[in-house]
């Protein structure tokens, strides 16, 4: 009997030794010496890589933001300010920018950040393929601390492109030295990647050589990967994590639950994604502009926004995020005006309404119900078909719907993607207006720049106002939960910089 | 004994190959367009086709399978469809967590299940037996994901005893391990109870009593040793049930194990990652089954003698004979 | 008096089941002296094994119960003895052999260990040479004590069980149909071996069987049991003597054995079945099957009639008033 | 002198009556049979009690997340649908899926098990090795692979469950048939010239019917649990049809403020699979004559003839 028990124990020890390898379980974050300077940051999934030039995933980008310094960045009033560059100046026709790099700008290993580092980083092949660096024609470094960028064509929004983490800088030659996806040799951002083994925790340490390192309060950032939103919320409530980030935003019910807990708070930032009601123009009734105008005036966008997002009602898709300086004030969502809507219906080819099917995933079921009751006023009776989330995006792309919900947050995250919305030939096409007028106007606007572009975009906006290729419903916002005694600055254009946070 | 082990090991290879064929065939039925997923929705169709070509998706089925197996032999599970990350690294980093939870769960299940089973067998038809059997039955049927959620709510939110996520401190192990082990505890109790009852009815128990042995030694020395044999057979099956359960437990307690990989690859339709995880888990379950079979053969002298081979016994007799004369 | 080893006084045993009781043994009185061997003969279900188990106190707990009578073993009433003392007696002073050798040995321990266990239980710290000795005694090659039960034939296993029973040289050996499961040739060997060991160690034995031939060869005394009662008890010579008066059941038993010497063509079997112990008939239990059955037999249980030389019969045929009625 | 034994006449019935009698006497079996009866009743009546279109799927946003009240016994879910109606309908869907997959799996297993047991040799080893492959993949993962690969129409879910149940069922059938094949009556039948199928149908199957029934009941419980598992992962029965697993995972969000949403489906799943498992256990006890167990120790040894 003893022989047998010994054998079982040996088997168990062998298996568990193999399993946990030689590493002792990770210690419990840096020992905080009285002053709390660590923050446990939750994100949904472990990023697949921290390669600043290739990383397509949202979470990877968020971490690159913290560890790679950029020439310029947004402040909390969404104005472009210098980060690694002290100052910059355009030439008159917006084809050349000259940056003056800060004297005290250093990498996390203490070496100086010079123009050559930028030139090296911007001239790797993956940089050339990156849309944000595509406009750069050539670069010069008159001296160590000045960088001159010559653009292919006059492009005023190039400055905006340089605020994204894609245009971060790494020490010259470091791309070849290490596999950049797992981390660079030295970091130019406020934080440096201290420890990251796949599957284990990811820890960032404050970069001592950061140009304003002295007022960075949080010294260590310990990332926790929790995929299930409910578990993350449980962790936040039990004080195991301090900041609940998820991927792009947290859900409505999490916001409600946090609201009931005074130890927690939420913070919101405008997001570049809009929720919209897409209309399939293959259906004659929806091809009639009067019907679209009628529906546009009948939708109660306040109620729809309340049930489907933490964001705000609104509708047009022309946001600062995409258009940079030449952003045209958006056409705000029209107020509900039933009489005018009924007039439009009467003027339309279908005065006494028609039947239409609205496909919706479970997360927009509530909004669908409101749309159904709103359109019923016009005699349009909507049957709601709930479709499985796994096939929702595919069926929208293939145009396999009459009316359907769509949000752009998870579909496009850069300019070209946005333009393609209107290109009938593009893979992602929403059957917007049977002809390609809106696409022609859109591509024309982007072939020019400066004042002509603004004029072209205004013309495009007016066309959309009149023709209504889709019905904008709400503007999503990114909302996150965090520990109430943590000060979180209002988020700037490109999301959250942890450097600005501190414990109260 | 070694001939038997070798034979079983040889049998392992076709089974693991069979598993890879099964999983690969299933996954190749999956309509999926890795190019589109990787390059994003606004990449041009040619770029997408080029990428698919590079992955070799257009080759005939058996060529693709052959390449896949060639990769497997070199322990290279190919590239994930999402973010092009190598599946290998992800699996190698996720495997320890899952194995830790599964092994500890197996031990916990065995250590709690067996004594309870014995107790309720020895005290048959007593109140304890009735109560324990019903609890064991409920434990065996409780849905894992529901149990974990409820436990997390109770112990983390209401009582603040246990941490909610991860496997950092030993306390963090408690809920995941018990969650994974719950079903197996139920099965072990039922299995050990019925095998103990069978053994207690056998004649050699009466012989032991007739020898004047204490009741305790009759139960533990004689009956338990025999019933352990049939209980160990369920060890192997239980281990693969445990691994099936990790998908849910790791999801609720945010453990970066293979279970989380599987859930993530389901939502991303990431086929190489899913098949990689499933094949690794299947391989481990097959290996553990083999280990359990060997343990079973070791425990049961009838089997062991058969594989020790006739030679040994014959040799013993020959020696005895030439001693005698 | 001192050589009286075992005395049973009106022992009655019943099994409790949830809706009725089974009367397995209904008043058995016996005596056994040192070195004597008693044959206990009867049909299946006559309560033979129950009697043996009750002597050793091995009746299933909470089910079997000796509700009346005494079992005096060397002056000590085993029914009052505490469990701990009883355990010392089992294997040391009284040991038992069971019917089916195939399942009586624990399959996962070596034969040597199982025999050694008895010795260790009763104070023998290093039992090895005793194990070899006892194995030799039962005719098994001591070197094979490292083998496992499944490596032995039925006959060999029974020898091992016997070795186990006789390891501590008990005073009394209860053998519950030791040879029934074996075929005839092995049966003879095992019986011969039991006989000469018994003579060598001076152990007295109660041999339970339904085979009168086996009793004839090995036992000194014979008791015939029917439906939980001893209906006839006497020395081998008395019971097997054709000329004496016998209990009708004994006559029936002998009638059922094909006797090569006599020229009788047909056997005279006993008709009917053993009565259901939970539903025993009134009066003498054998009355429904007895061809000498009288009205008296049906009403009252038979009295015990003991002849001068100790030949006991339990039947109305032999009691006084019946004898006058018969003349 | 002693209590009069029973007087009922002992009719000689086939094994089925004997099993039924022992089941009836086993309290646990009775309870589980009642529960299963209720579930079957629910799933039959679900269509009658609630109209699928208006009451089970139709959304009524205004009064969503009502806690259990008089007119909504189980309250309403996040889309205002009556939770009681959805639970009953989910019972119906789960039972239909479970029943069909168990039925198909048993039929298939009898065929495959029969072939493998009867012909033995190479055929048997091949079948066994193929089953080993299926058994190697941990249970839930096998179902996940199939459903992810083929899509989550109900047909594919049933196929996945059949493939999941098949190995253990085939092994039970095969071992039962093999045990029975050793009995002499198979030799006798063969000697009289009976063909393999005739032997299989008339001699072997009725005898191993007991063990197959036990395995069937246990498989039912496994089916219920697995349907719920894939439902929880979101790849089970497709929306908008209600299904326990998916209702449970959707209710996770509202766990704190509306706990009834998550407890009720979990409870149903547990009760259903426990009931089937308990019945399976009781069946196993009833099948096994040796096990006196719950059967009130009716001694089979003493023949009981009315004098």
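Some notes on this structure:
Here the chain labels run A, B, C and D in written order, and each chain numbers its own residues starting at 1.
The rule is simple: a residue touches a chain if its C-beta (ideal position, glycine included) is under 8 Å from a C-beta of that chain, and two chains touch if they have at least 3 such contacts.
None of the values given here were measured: they were computed from a predicted structure.
Considering every other chain in turn, the ones in contact with both subunit A and subunit B prove to be D. Centroid distances built from C-alpha atoms place A farthest away from subunit C. Interface comparison, B-D against B-C: more C-beta pairs in contact at B-D.
Between the CA-based centres of subunit B and subunit D the separation comes to 23 Å, rounded to the whole angstrom. In whole angstrom, the spacing between the mean C-alpha positions of subunit B and subunit C is 53.
Centre-to-centre, using mean CA coordinates, subunit A is 48 Å away from subunit D. With each centre defined as the average position of its C-alpha atoms, the distance from subunit A to subunit C rounds to 92 Å.
Within subunit C, contacts with two or more other chains are made by no residue at all. Counting partner chains per residue, subunit A shows two or more touched chains at residues 228, 230, 390. Residues of subunit B in contact with two or more other chains: 149, 153, 157, 225, 263, 267, 269, 299. For subunit A in complex with subunit B, the residues that touch the partner chain are 1, 4, 7-8, 11-12, 15-16, 18-21, 25-26, 28, 45-46, 48-49, 55-57, 60, 181, 197-200, 224-228, 230-232, 234-235, 237-238, 240, 390, 397, 411-412, 416-417, 420, 426-428. If you check the complex, the residues on subunit B that touch subunit C are 202-204, 206-214, 222, 225-226, 229, 299-302, 305, 313, 316-317, 319-320, 323-324. Chain contact summary for the complex, subunit B toward subunit A: residues 36, 40-45, 48, 80, 82-85, 89-90, 92-97, 99-100, 103-104, 106-107, 110, 149, 152-153, 156-157, 160, 163-169, 220-221, 224-225, 228, 251-254, 256, 260, 263-264, 267, 269, 291, 295, 298-299. Listing the residues of subunit D that touch subunit A in their complex gives 57, 59-61, 64, 79, 152, 234-235, 238-240, 250, 252-257. Residues of subunit A touching subunit D in their complex: 228-230, 251, 253-254, 256-257, 260, 307, 362, 365-366, 368-370, 384, 386-390.
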